[in-house]
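Pasting a structure below so you can have a look.
In order of appearance the chains are A, B, C and D, and numbering begins at 1 in each one.
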């Protein structure tokens, strides 16, 4: 009886790549999560730790980013190009399997998009013998703009390494909650308009900071909806980092991004009227 | 120095209620998750365990279901009715806060709906020196029909308690993956049509079992798309149980449902052509 | 070319069953999530909706609960008994696959247990030019006692259906956060003792309501730890419902429970000292 | 009526930092998730996008990593140092709130640790009229070693940027499933021993690749347990990247790590006996 190595494979899972393609002012985006699994002549690394036939999973990730810089086509096309690369480039790779998940975005503007995602409409009512307070809202409103966002002029101290940027992706998942002046309104109409104004302002307001965008969104809502006393907004900065493709001889002009999960910036703000009734028990 | 009770509240969180309203063949649905929090004269239950002023959270849940039977209006209206009920009905409740989350559904048929949810487009490519296999798919396609589904005539043994039904909600989150005959096709066009046929068949096929629906969906896809060799579908049965409102003197004629998370039925099937090329390494 | 049904299976997934076994005052618990998948002669339900060979997934769930009433043995033993039952009992079932996940609990008392789960230690510091406030805590401390908990004497109204109980499982996931009088203390020692007192009080305090248990836990912490000004506790009531086994001729004396995910009761309370310094910016 | 900015704050959330402290061969680890929220004189960035008073959240993240290089103390100590830094260093910051979550690890070796995490024991039984197959396992066994792991000698191509390393953190969440020769064994004893051998081998085997570790774990299990025919292991490489602290004048000698969520390497392998009975329907 001998102990032997059976089926095995390895690869990089869940590389989250976002590709922006520019056609003038109109942008297209592809938002993909890509996983690679390679099988082949990998007994040695298992048995002795000799890695001379191993393509590191880090290299697989880099390859995904580099290939994402070329015209992508459909996810099937992109997957075929990647899989064939691994099989043809490396003698030790007998089988490459590439799995791609595409997350859809709906265009709401030339270069702004909404994700169908996990959006929910919210209402919180508080009642006592003395009154009723209504707070409505939306959560999980995922929006992204592929240009029209800058960030510079901030404090630099000895821990600062962030380069200033005059063009970046801005993406967030908006949670906005608004307090009504009274416990009576056209709820459905009000909700629809607030949601529309939030998206429209995010898309069209040129941004110098996420805070500025947040305030503009709240201000536009209050300007449009006299029935509201106050808006509270929380927006995580869903960072999209420009991938450095220069080691591969590729200039990445805001085309290929790595979408990070954590950590993330979190911006929270309240926009209100100076004559608004006290919030009392509303929140 | 004395130890004292400070702010406190309690309530039932995340009651998931689905309300179907019939206007002839056309149905409307509201899909809500409701949480209640009550504050008031509750020192005694904390200090001595005397519950004489406590409204059980189970009763709060029942109240949500019973109130859901009346015309709902917007979530704000529904929240106000519930919150006012708790404050006015129970002397010990000084403040009631009701939070409602609404999950949107998009109508695709008189009484069938798609959730914007977490849908993803999938592609898995497998390459060797000898060939390329393409499997594409969709995951998280959440669909619901509010009628047109029966389940009866099954085996009864000593552990069977399920009543037969001739009208139920059928809801599922489809994962469908289809294998192409060749590694070349109109990927985008094929995806769009398969997705459309899956939804259309789910919506329009009268169902005697989830298995029958699954098979019909796969069969329709293969009939419509000659470029495909095989379809594999997994459909969890996202159970919607009719809430028993009879203790409250209410007849619930498939109007108020409790949407359960777990356990769930899981139906998996393959639909193929009898002359299809072997799947080989495709999966 | 004909379209045909290929491999298929179906079953009930993720039935969450908790079994309590009593040996006098000492109890043992088994916490299992069980999934069943059956394959066999199921073409008819796919092709015509004839369910005469189908064992409903609801019956599978009932069978899991009924079998859980017998001595369980290890999860392997339990799985074998279930799988053999389905194959031997039903001619249409050719293959039964039963998958069981066991979640471990660590005994902390005769009939109280802690789940290794997702526990985290917390600290939140708030600083201004004027001061420093320290709130420390624990989240995800999952504890369960299999007896020593009652609930009765509550308000009954027209929406009440909950039966009173003099013996139930009480299970929760404690989030407790405590505010220090000063921004200086033996942090590690304090944390360890607070955690110990929380568990000890939960386990040993006979409970007439979850509120009473919550208050007793906070009170015991403040009595034990003079460095603390205030404790805030949130405890979801992770409901464990006694499964009705009477349709199967089995008396279920608090032995087999269904562990529900949603909805859940949520109890929140603050326990403080009457001479505590104001919380100011601490929270 | 004027629209005005109300309460607001911003900061970096969920920076996941792991700190290794060496006392000879014995290492200690601290695994923290840190969130920062700053409030202060930030009206300008909201109103005009002037960021001259803004400390970027990226800088906050860098500060967390830099401060993690100093002796940490308890999470309360670490939080106080960070919060005071932000308030005292920046005139625009009036209030800093730092929240820290600590995830516990249990030492199993000089420099190897197990996370109490989400571990589950598994069993999957498959029955037909002809036989019974048993696969048992463990999932979510999270283990980490803070030294004794290298990775070098791999293929370099034009997409390779990964530097070779002779000392790294190796962390993974093991899913191991083993097939029994027969459907009868000392299940509990077998499980306990397999789990012990998996951990012991991970901890003590010097590693040149995760594949080598995986194979050694499976081989040790089969050597120790004659009742097993085969072991299948999947191990995600939970990457811990050495943070580059050189911009802050700090040499980071494998002390401060950033724990990434995605993407991750995924290594899967089967270890079997050359005379093992066929797996047949077991999996």
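We adopt the following convention: a contact is a pair of C-beta atoms (placed from the backbone, for glycine too) under 8 Å apart; a residue touches a chain by one contact, two chains touch by 3 or more.
Computed from a prediction, not measured in an experiment: that's the story for all the values here.
Visitor: Using mean Cα positions as chain centres, tell me which chain lies farthest from subunit B.
Guide: D
Visitor: How many angstrom lie between the CA centroids of subunit C and subunit D, rounded to a whole number?
Guide: Centre separation, subunit C to subunit D: 26 Å.
Visitor: List the centre-to-centre spacing of subunit B and subunit C in whole Å, with centres computed as mean CA coordinates.
Guide: Here the centre of subunit C sits 23 Å away from the centre of subunit B.
Visitor: In angstrom, rounded to a whole number, how far apart do the mean CA points of subunit A and subunit C lie?
Guide: 34
Visitor: Please set out, as single numbers or ranges, the residues of subunit B touching at least two other chains.
Guide: Answer for subunit B, listing residues that touch two or more other chains: there are none.
Visitor: Chain pairs that touch, all of them, please.
Guide: Listed in label order, the chain pairs in contact are A-B, A-D, B-C, C-D.
Visitor: Report the residues of subunit A in contact with subunit D in the complex, numbered from low to high.
Guide: 1-16, 35, 37, 42, 45-59, 61-63, 66, 89-90, 92, 151-155, 157-162, 207-212, 214-215, 218-219, 222-223, 230, 236-237, 247-248, 261-275
Visitor: Okay, in this complex, where on subunit A does subunit B touch?
Guide: 73-77, 79-80, 82-84, 86-87, 94-104, 116-129, 132, 134, 136, 139, 183, 185, 187-188, 191, 281
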